[in-house]
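Alright, structures below, take your time with them.
Paired with chain B in one complex and with chain C in the other, chain A is shared by the two complexes that follow.
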Partner chain A sequence: MKTAFPGGIHLPDHKAESCTTPIAAMPLLPRYVVPLSQHIGAAAVPVVKVGDAVLRGQMIARRDGALSCAAHAPTSGVVSAIEVRPMPHPSGLWDLCIVIESDGADAPVAWQPIDWENLPPEAVREQLADRGLAGLGGAVFPSHIKLDPANDGHWPVLVLNGAECEPWITCDDRLMRERATDVLQGARVMQRLIGAAEILVGIEDNKPEAIAAMQSAASPWDDIHIIAVPAVYPMGGGKQLAQQLTGRVTPSGGRTTDVGVQVFNVGTAAALWQAVSQGEPLICRIVSVTGAVERPGNFDVRIGTPINDLITAVGGVREDAAGTLVGGPMMGFLLHDEAATVSKAVNCVLVRPQADFPPRPRALPCIRCSRCAAACPVSLQPFEMYWYARAKDFGKAQSYSLFDCIECGCCSFVCPSAIPLVEFFRYAKGEIWAREQEKGAADQARERHEFREFRLEREKQEKAEKHAKAAAAAKQGASPEDADAARKKAILDAAMARASKARETASPKNTTDLPTDKQQEILEIEMRRAQLKQAVDHQISDIDADAREAEENNG
Partner chain B sequence: MIEAILIISGIGLLLGGVLGWAAVHFRVEEDPLLDKIDALLPQTQCGQCGYPGCRPYAEAIAKGEADINLCPPGGDEGVKRLAELLGVEPKPMGEGLGHKPRSVAIIDAQTCIGCTLCIQACPVDAIVGAAKQMHTIIAAQCTGCELCLPPCPVDCIRMEIVPENLARWKWRYPIHLIRPLHGGSRP
Partner chain C sequence: MIGSPFSHSPDASVSRIMLTLLAALLPAVALHAVLFGPGIFISLILCSVFGLALEVLMLNLRGFPAQPFLRDGSVLVTAWLIAMALPTLLPWWVYLVGMGVAVIAGKHLYGGLGQNLFNPAMLGFTVLLVSFPTLLSTWPAASLLAAHTPSLTESLQLVFQGASSISLDAYTMATPLDNLKVNLRAGLTIQQGWWPTIGAREWVALGYLAGGLMLIALRIITWHIPVAFLAGITLTALILKLIDPAHQAGPFFHLIAGGSMLGAFFFATDPVTAATTPIGKLIFGALAGVIAVFIRAFGSYPDGIGFAILLMNAAAPLIDAYTQPKVLGHTRRRRPGASE
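Let's turn to the complex of A and B:
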């Protein structure tokens, strides 16, 4: 079978190391560290405090705006800290996390299943968003947005991505073998939400067991097609798989939704079915732990599990370990600190065996052999883009469609000069984004500065006008002091009249809608006041009477 | 002979008229170069270049009165871009001016006396407050120009460098060593 997209490479797949054993459960850990920004979009906002007791599945951080994702407690216990911790991120930066000390009971919160067949799609999306559902293929895009066709038009085709083209990773393979029905049930819900006419599931042909399991699970439905696709990297790219299955080519700068195809990872579909059928939020995902570890395999891992605990659970690293990757060897990144935790994005922890990962030779000059262009699945010219990215000529690099690069790493892999091409493209993209942001900030600052200048000018003019008026009034006869005093008095009177009117008409008054005990209190005070007033009046009249008497006597 | 002179002077008058009309009707109000220069400046309005704001500095550059290497927030990168636009050689930053990392002003709430002096100094109206009320800075709008520091009578404003976080992090320039063939000597 041929691939529908150009380029691509054949890689030694290294799947056998981890795909032979069933998905195993991880033992409950004493501590979980849940990152607040594990998805694309704004970081989640904590809704618990240090010291709070939480239950498994309880929301501990809410969405911040639409493009954001809630986080939930992976087990029951106590929030012991909300602080910065190392993140599973290529930068090695630390970021805010919620630390939960497990109480060992693992008591769940009572979640209700979602009645997806009867509820309107908006309500289902809202509930899925509350359950923290996000894409588990790697990009961690909040699913409720991808499931809303109002955002992007009509999508007749739903593609489930089970290609899993990266070497070493087998979590989707095991998932499809063991939980095929969950995946397809989840796909049914997705289909209803986006109104797709058919569901296409693409699985690379190096996973015959997964294909068989999915086919038998799909037999009751006519509109679900399980399609074996050639095992060519990067078949698992969303645009590549959509092209392979439907023949539709995503336009430059566009998304697959522009050609009516919405792509989800099979893991997301299974998680969605968990959320719908059990009501369970996304607190668990399958992670492949493989490479130079004692017992490679796939594990049901709670979100927030420290990666070093995960490696310990598989018997620790072998002697030939040379660094830990998160993700696969092509698109994954080297982990700076193994105390970082499994987030929704972590699909694989790959401890590099030395023999399979020799140090990259030093780069030689580019000889413009164009092998990178031949391998590029998006028909770019990496050798040209490299030239400009290296020279920091970003405009030129962009004119070679830099932003269509999916960063698959095929070009770096085939380069006979061992140039880390894709690193240059990532760098150039980052710089261009940063510049655009800077430019946006500068434009805003300019606007604000110009408005300020305008405002100052206006105030100056207004002042000048006022003075001119006063001077004119003074000339017309009335002495300036009188005019000034009269003007001030008029202003004062007007202000007082306004204030008293505002007092009278103010609604609600601070005495309306009070509870009865308060009203009672006010009544008592008023009565006391009235009595006092009466007494005082009486005294005054007495004094007056005395005075009159005295006067008469004197008279 | 006389016809030739008449024809030529007629054409001359006509074209002169057209040019004169065009000069009035298609007159460019402002130097278009000015906007281009202004667009490259970081708009911090900090005045470190010696001009009262970014636009005056852009005007000075456009007139050829100011050098292109006087803007510390723009840094060497900014100088390079200005040089590219103007078709001149980039030069190092001016005497005593170096690139400054992006920072924001922060008001210490305990010390602020609510004098409004900083509000009047802020070139982008990024400080909120009223007389005898505590002031605060809208961090998202603060350009880090430091103009609010000198007027503060109680020195309650400090500058803080904006730290790198996940959202602002970007891939570094790849360390890319090109190895010469045959042990270091080029043929």
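Let's turn to the complex of A and C:
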């Protein structure tokens, strides 16, 4: 099969390091730290107090509004703190977490299975939401929302994403090998909820065992198709896989559901089936721990497990360890603090072996070789975007469809000049958002000012008129009330017209009418922006610094 | 680095691209040495030394460290291309002037590697061609045809002292393109028993062809520009031949003569100065080929490859602007000049 989307790259997959052993259980830990915002959307609101006793699976934080996700106790014990702790997040910021001291009993709360075949879809979605279900592929979008076609009525195709295109990560591979039936049962429930006619499961062809296991598990159903797709990065992108399996191209700025395709990670389907068949909330996920650790493999990890405990459980890091990544090498991030805990987003903890991650060569000037354009899965021209982003000509960068960039990293990977292209694009996006927000604030201030000027002028006029009228009335004794009302109306109309004209001329922005998840994303990027700006300025000034150095040496 | 990706392709480096380009010139260098004697090595060494010295000088003047910019190898590619494009056994200062124009005006005055509008080597060569047309048409004759092939000592004498015991006529010979021009000017037509034949330099073109195919196979360059360029030459020459068979040389001659192959695979494909989009590359290559043949057929210079490529270099940004590929998920291409 050919790759349906443009570009893409072949990467050394490094799957063998962690995919040969079965998924192992983790020992019960004395303490778990459950973050309140692990997902896209509003942070969960704690429903327990410090000192409360909790049971495994008990809801400890509820959803805040529709786009939010509940959190549950990973084991039984006592809530010892609700405080800010390091988060597994690229920003390295700390955020509110619920700390649970485990009592060792691991006593569960009594959950009821969900009668998904008889309950109406809304009720099933509500129950899934109560169980904290969210996408386990990395984006952690609350599943009850993704399972609701709402105005679309239904989505004809359900795609299960088992591509797992990032090197090193094997949690989905092991899941499909060992728990294929759970995955497919979960998919059946999803299929009913979104009204899909067929289920397409895309698995990269470098995982023959997973393909075989899924195929044999799928044999009872003829509307489930297990499809081997080429192992080309970024096959596991939702839009890329949807295009590969259905040929449908998601419009720019849209979602796959715009073309009738809903995509879920295989891990989400398995977790959903746990929630439906056992009633169990999402308190556990599979995490690959790999790279420079003593015993790489996959583990059933409770949400809230500190990452350093996880690394200890695999025998600790080897001597050649060079920093820890969360996620894969292409789209993951450097972990700032290993005290951060496994959230629903953490699919892999990759301790970088030095040999596989040599320092990136220093960036040289772009030679416009366009290898980045050939590798781009969205047909962008990264070298043009880089050119303008570097020159801080953000409008021009945006005109080259900067916002279509999925930050997959293909361009940075193939660049012979080793330019950190994606870093420049994140920087440019952040700057554009920031400027639009600044402009929004400025517009508001200007409108306020203009209205004040208008009001003062109006008051002056009114006062003058009143005086004139009083004088006239004193002269003639006639009532000028009708004329006064008409004048007031005229002034009001003029103000309304001016306001609506101002609205019309205001240019559309990327930051208006955004869905909540985008706003969340903007906030996160905003947080990273300061750091990034520094990093990019550093990159730009690298050459200048060398120049200065050379100058100093010379004279 | 604080952001992803954390991997970089170990094969991707500018110096690897440049070294491969140098390697791809070796078949032509070998053919050159066999056919014309050791003069080519003097040219290559002279241009390389001048190039490296000028590069260091310019980096210094601009306040840049020589490392790592020297290590990218780009100046060696410029040097070798000029050496290959020029006749051998010219006085040494001709090579210096060529390299000076290429490195100083063609590269560093624009801001260094990646910033230049024109291919530096092409610019250096063309300035020499315009300034010293006679010198640049004194191509050494192939060893088989020459009355005398200069030895290494004689070659060195020619280059550094500008003279030797042997006379110019003994070892030089007009190129086929010169012949064509001169004979046509003299009122001869191709039907009058005279036919433009290919000379020894045209055999070297086969070396460029081999090296160029190697570059395509190794994915250093894409096929678009060379194929379009050669197709542009072929079609234009064919049409001219059909219109005026008495005065036109025909496609085969144009493909193999002069700088066609060198231009197609090594000059026109310079990524910095060529068009970058797939359609843009086709337009860029084809127009360069068409213009080159027109200059050969109607211009006052025997060869037009250099002028054609420089003209298209200037047009490349415009071509890029009008040939942007459609971004996935968009319904139309980017409009040129769009700013937001």
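In this section, the second predicted complex is superposed on the first by the 428 of 555 C-alpha atoms of A that agree within 3 Å, B and C clash if a C-alpha of one lies under 4 Å from a C-alpha of the other, contacts with A are read in each partner's own complex, and residues count from 1 in each chain.
What we mean here is this: a residue touches a chain if its C-beta (ideal position, glycine included) is under 8 Å from a C-beta of that chain, and two chains touch if they have at least 3 such contacts.
It should be emphasised that the depicted structure is a prediction, and the values quoted were computed from it without experimental measurement.
**Q** With both complexes overlaid on chain A, does A:254 touch chain B (first), chain C (second), both or neither?
**A** second
**Q** By the touch definition at the top of the document, which applies to A:409: first (chain B), second (chain C), both, or neither?
**A** So A:409 only meets chain C here.
**Q** Applying the touch criterion given at the start, work out whether A:329 contacts chain B, chain C, both or neither, answering first, second, both or neither.
**A** second
**Q** Touch check for A:304: first (chain B), second (chain C), both, or neither?
**A** After superposition on chain A, A:304 lies in contact with neither partner.
**Q** What is the contact status of A:445 with respect to chain B (first) and chain C (second): first, second, both, or neither?
**A** A:445 contacts chain B only, not chain C.
**Q** Tell me the contact category for A:296 with respect to chain B and chain C: first, second, both or neither.
**A** In the superposition, A:296 touches no partner, neither chain B nor chain C.
**Q** In the superposed model, which partner reaches more residues of chain A, chain B or chain C?
**A** C
**Q** Return first, second, both or neither, reflecting whether A:420 touches chain B, chain C, both chains, or no partner chain.
**A** Both partners, chain B and chain C.
**Q** Once the two structures are fitted together, what part of chain A is touched by chain B and by chain C alike?
**A** 90, 362, 364-365, 420, 423, 426
**Q** Show which residues of chain A lie in contact with chain B when the two form their complex.
**A** Going through chain A, the ones touching chain B are 37, 87, 89-91, 93, 95, 362-365, 390, 419-420, 423-424, 426-427, 429-431, 433-434, 438, 441-446, 448-449, 451-452.
**Q** Could you list, by residue number, the parts of chain C that touch chain A in their complex?
**A** The contact residues of chain C facing chain A are 1-10, 12-14, 16-17, 60, 62-65, 68-69, 72, 74, 112-115, 271-272, 276-277, 320, 324-331, 334, 338-340.
**Q** Hey, which residues of chain B end up touching chain A in the complex?
**A** Those in contact with chain A are residues 38, 41-45, 53-55, 123-126, 141, 143, 164-174, 176-179, 181.
**Q** Along chain A, where are the residues that touch chain C in the complex?
**A** 5-6, 9, 11, 90, 167, 239, 249-254, 325, 327, 329-334, 352, 357-358, 360-362, 364-371, 373, 377-381, 383-384, 395-396, 398-401, 404, 407, 409, 412-418, 420, 422-423, 426, 531-532, 535, 543, 546-551, 554
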